[in-house]
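Look for subunit A in each of the two complexes below; its partner is subunit B in the first and subunit C in the second.
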Partner chain A sequence: MNGLISVLRSVRERRLATIGLIWLALVCIAALGAPLLAPFDPLDFDPLARLAEPGWPHLFGTDHFGRDTLSRAIYGARMAVLIGTGSVFVALVVGGIVGMLSAYFTKLGHLLMRAVDVLMAFPALLLALVLMTLLERSVVNTIIVIGTVYATTTARILFGMTLKLKGEVFVEAAICSGAGHASVLFRHILPNLVSPLLVQASFIFAFAQLQAAALDFLGLGLPPEVPSWGNMLSEERIYITRAPWLLIFPGTLIILTVFSMNLLGDAMRDSIDPRFRKDVKGV
Partner chain B sequence: MALLEVRDLGLAIAAGGRLLPVVRGISFAVEENETLGIVGESGCGKSLTALAIMGLLEDTAIRITGGSIRFEGRELLTMAPAERRALMGNRMAIVFQEPMTSLNPVYRVGDQIVEVLRQHRDLSTSEARERTLRLLEMVQVPEPEQRVHSYPHQLSGGQRQRVMIAMAIACDPRLLIADEPTTALDVTVQKEILELLQDLQKRMGSAIVLISHDLGVIAETCDRVAVMYRGTIVEEATAGELFANVAHPYTRGLLASIPPADRDVEWLEAIPGRVPAVDQEIPGCAFHPRCPFVRDLCRTARPEGRDFAPGHSIRCHFPREWRT
Partner chain C sequence: MLGYALDRLLTLVPTLLAASLLVFLFVRLIPGDPAAILLGDAATPEQVAALTRELGLDQPLWKQYFLWLGNILEGDFGTSIFFGKPVLAVIADSAETSILLAVTTMGWIVLIGVPIGILAAVRQGSWIDQATSGLAMLMASVPTFWLGLYFILVFAVGLGWFPSSGFPSITGEGGLLNLRYLVLPSLTLAAPNAALIIRLVRASMLDVSREDHVRTARAKGLHPLRVAIKHIFRNALIAVAGAFGFTFAALVSEAVVTETVFSLPGVGRLVVQSILRRDYPVIQGVILIVVVFYMFVNLLVDLAYARLDPRVSLK
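This part shows the complex of A and B:
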């Protein structure tokens, strides 16, 4: 809890991170209130208004089916948040359990961490591509795949940190007070990992956006009918000269979201590492 | 039957396929109501012995090469882990050397004591909280009602060590191992903590094993003293007998290196040389390269344990050599 409060405080001290936080809050609001905020149904065709330029009533213009870009972008925020949080959840739970167990039970660790090494040998996008071709295109599968890809790095980080904590006297003291393995791991070690997990979560969220957009763009992510920023880029890329707004809007949204999350993550990381705390204040 | 009985305990470090002995068959026993002091230089194996008793050597490079540790008549070394966990923190407890790092930084100290209580006693949260307050009073933490809500970093070293002691005695253990409990504290706090330990022992009637490199601390608190050198107990006697009637040259060296309180001295007497490295083989008596009274026999034959006086055992070929 303490960690969380001090992280939020240090975010507030940094202007860019605050802007990032505000942007992410907007994205979340758009995601939650999509049906209320979107002026049109994101799936409704309007053949008379195909590829309309930004203006009234289509503020962001329309695509080649005459669907309202603004509405699709708002619904896209929903997917962005869903994929982001879902991937973070999968990566932290899977990676966290693998990393902590590996560090705590050394023999098991040799096995598990070698498997992690093998997965890490693949570039992230390639691994996601391979896994996605094996699975059906769906929201849940996209989350699982992206989550798995980032579970490897999470496992690595938590492996190291758990290994270090395992040698701390307070862990020995807990063992001496008769605590069992589960209690030592989850009641005594895990609470000390909350801050690094938080930072890791922010970066996974940001990378998951890029990864999901890339998968969508390559036609291997979300099903094509789902309005997501990546799918919008993928479908409309052939109209780049006739209707550039179809790419500019979703592209900008992806960039802003990833950038905001990175700013926030940077601020969080720096607040945990006291060496950075002073000199970046106010940036 | 003694409360804790260690017989021929051997510990070794596994390094590069070899086993380097660090504790070479030590035996001692602790009775109820008794304080045993184990004293020796860094690296003599005293802390490892404590860790072996508490079962903390699993998953380390230290191997138990032999012997037995019996607690309340039951063998600890072959006991099932779950059974052993039920004893730890409950019937036997340990206080560590580093009060700065032995409390979990992310929990309030009160919650950490409550946790230990609930592990071993069937208490409701409010009962456990109540008992935690009384424990903190017992170890003389000022303002216990406020302190239970403190995080470890908000407490001073002495207060943290008190909290550690409160945690250790939470379930009225029969045996309390104190591994250099005062080394990291300044002298005034040191005295308070030692008095606290003695006071608690009188109240609870438990046994204490006090591990220290400080003979002053040992003299003040212990009924019986075992002096360790390079993994063996070289001299063991009641505290009174040991200090009145030192027989082993190593113990004498330790005593001589304490600065006298009643007069100024220019130079303190030191034991020449240094503790030999673990992988170094020393024939004969392990102390002979540093012993000022060494004779030929010491270089070849390892001295066996024998009684020097009633209740005073020693491992030396020529005890009290400096008198003759």
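This part shows the complex of A and C:
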């Protein structure tokens, strides 16, 4: 827990990271309160107001079906948070368990880490594409696919860290005092992995946004009717000259969210690695 | 060195076999008769029966795998459903675009990433450092297709400096001038990767600058720029060289999105279109070739490490 507190403190020390945190809080609020905040139904067609410019009553304009861009963007925040946290969850749980068990039980590790090697032989986006080919386009499947891709890197990172911790005196002491495997792994080793896991989580969240948007763009991500920022960009790209707001709003939202998460991740990583602490203070 | 290289090559074999097994199982995991899937909707029952025999689909699964692997090793990747010609020929047609795109992109990454990274490290803590760090992080936060669309809007549609899409071969009419078709796509693809290199060059320069030999060089009164280039950067390059290799290896698959935005006839767009067309033999072939390429580039990077840095033990 001490690690967590010092990580949060280091975030507060950095102006930009604090702004990033505020932005992410806004995204979460939009995601949670979407039905209350959105002025229109994100799926409602209004044939009379097709490609309306930003103004009243459509603050962000409308798309080629006459759907309200602002409302779709607010509902899009929901997808962004869902995909982000979902992918982080899958990647950390699967990758974490595989990495920790592999380092702790060496024989099992030989087998599991080889499997990780094989999956890592596939470039990330290609692996995601292949998996999406086998699965239906849905929110859950997109989360599973992106989570799986990043579970491999997480497993490798945690494998290394657990291996290091396993040799520490306090772990040996716990084993000597009769602690079982589960107790050693989850009560003694896991707490020391919280900060690196947090850093990893923030980067996975950021990458997941970009990957999900790319999959949406290629027509292999979320189902087309789901209002996500990636789908908005993908559907409206042909109107880039006629209705530029249709691409500017969702694009900016993705960039701000990914940028904020990266800032946060950077601040957290630097606070863990003392080498970086005074490197870029204030950034 | 040679022994080390051979050793590493041998450790690659099991991974490669396992990866090929996954690619093989990929078509088998799709519900339905693999022969019918591989031939597409237009196939006649006779054709399906013939391919079933040819692929040994009536044999046990492990036999099918070795039959398939044997064919691959002989260069027979099957026939594309959509094009009706050998998969290898289809992939070869898109190879030129992909290779040229990857090479030009790599050029931009070095050109943008290295000088800015050095500048940021030399001016550590200054506004230049903060601005470039911020810029690098921003570049890494932009979806590539979004950037590509705006490059098209501004530089192709608006200013008319570059073509907006497609890529005619450099061996055809126009010759090397056709490379201008790749300017916007390569810049798009370079942006997030250059961001990574900026950060990496900066970080490894700062790492090296704390070492004793740098302090000695400074104490001798050498010009700071000379110290930065000769004493720091050359050592920092060892870490960066690896990143160049990994980046290059990943470009072929990352190009999927960029090639789609700019309608480039490359391997990446071929994958996406084959997925949408359900042209499974092509998907299988491309994935296998990309994975093998990816692994070999990674191997070369490891070998380069061992060669560049005598401290890497050749165990």
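Assume the second predicted complex is superposed on the first by the 282 of 283 C-alpha atoms of A that agree within 3 Å, B and C clash if a C-alpha of one lies under 4 Å from a C-alpha of the other, contacts with A are read in each partner's own complex, and residues count from 1 in each chain.
Simple rule for what comes next: a contact is a pair of C-beta atoms (placed from the backbone, for glycine too) under 8 Å apart; a residue touches a chain by one contact, two chains touch by 3 or more.
Everything quoted here is computed from the prediction, not taken from an experiment.
A.B. asks: Which partner chains sit in contact with A:Ala121 here, subunit B, subunit C, both or neither? Use first/second/both/neither.
C.D. replies: second
A.B. asks: Have a look at where A:Ser177 lands relative to subunit B and subunit C in the superposition and call it first, second, both or neither.
C.D. replies: Only subunit B is touched by A:Ser177; subunit C is not.
A.B. asks: Tell me the contact category for A:His188 with respect to subunit B and subunit C: first, second, both or neither.
C.D. replies: Only subunit B is touched by A:His188; subunit C is not.
A.B. asks: In the three-chain superposition, say which chain, subunit B or subunit C, touches more residues of subunit A.
C.D. replies: The partner with more contacted residues on subunit A is C.
A.B. asks: Touching A:Leu59, do we find subunit B (first), subunit C (second), both, or neither?
C.D. replies: neither
A.B. asks: Counting only touches as set out at the top, which of subunit B and subunit C does A:Cys28 meet: first, second, both, neither?
C.D. replies: Once the two structures are laid over each other on A, A:Cys28 reaches no partner at all.
A.B. asks: For A:Leu247, is the partner it touches subunit B (first), subunit C (second), both, or none of the two (neither)?
C.D. replies: Once the two structures are laid over each other on A, A:Leu247 reaches subunit C alone.
A.B. asks: For subunit A, which residues lie in the overlap of the subunit B contacts and the subunit C contacts?
C.D. replies: Correct list for subunit A: none, the interfaces share no residue.
A.B. asks: In their complex, what parts of subunit B are in touch with subunit A?
C.D. replies: Residues 54, 56, 59, 82, 85-90, 93-94, 96, 98, 101-107, 115-116, 119-120, 151, 164, 167-168 of subunit B touch subunit A in their complex.
A.B. asks: Which part of subunit A faces subunit B closely enough to touch in the complex?
C.D. replies: 2-3, 106, 168-170, 172-180, 183, 187-188, 191-192, 194
A.B. asks: Which of the residues in subunit A come into contact with subunit C in the complex?
C.D. replies: These residues of subunit A touch subunit C: 16, 114-115, 117-118, 121-126, 129-130, 132-134, 206, 210, 213-214, 217-220, 230, 233, 237, 240-241, 244, 247, 251, 254-255, 258-259, 262-263, 266, 279-283.
A.B. asks: Where on subunit C does subunit A make contact in their complex?
C.D. replies: Residues 14-16, 18-19, 22, 26, 29-30, 124-125, 129-130, 133-134, 137-138, 140-146, 149-150, 152-153, 157, 206, 249-250, 252-254, 256-257, 260, 271-272, 275-276, 283, 287, 290-291, 294-295 of subunit C touch subunit A in their complex.
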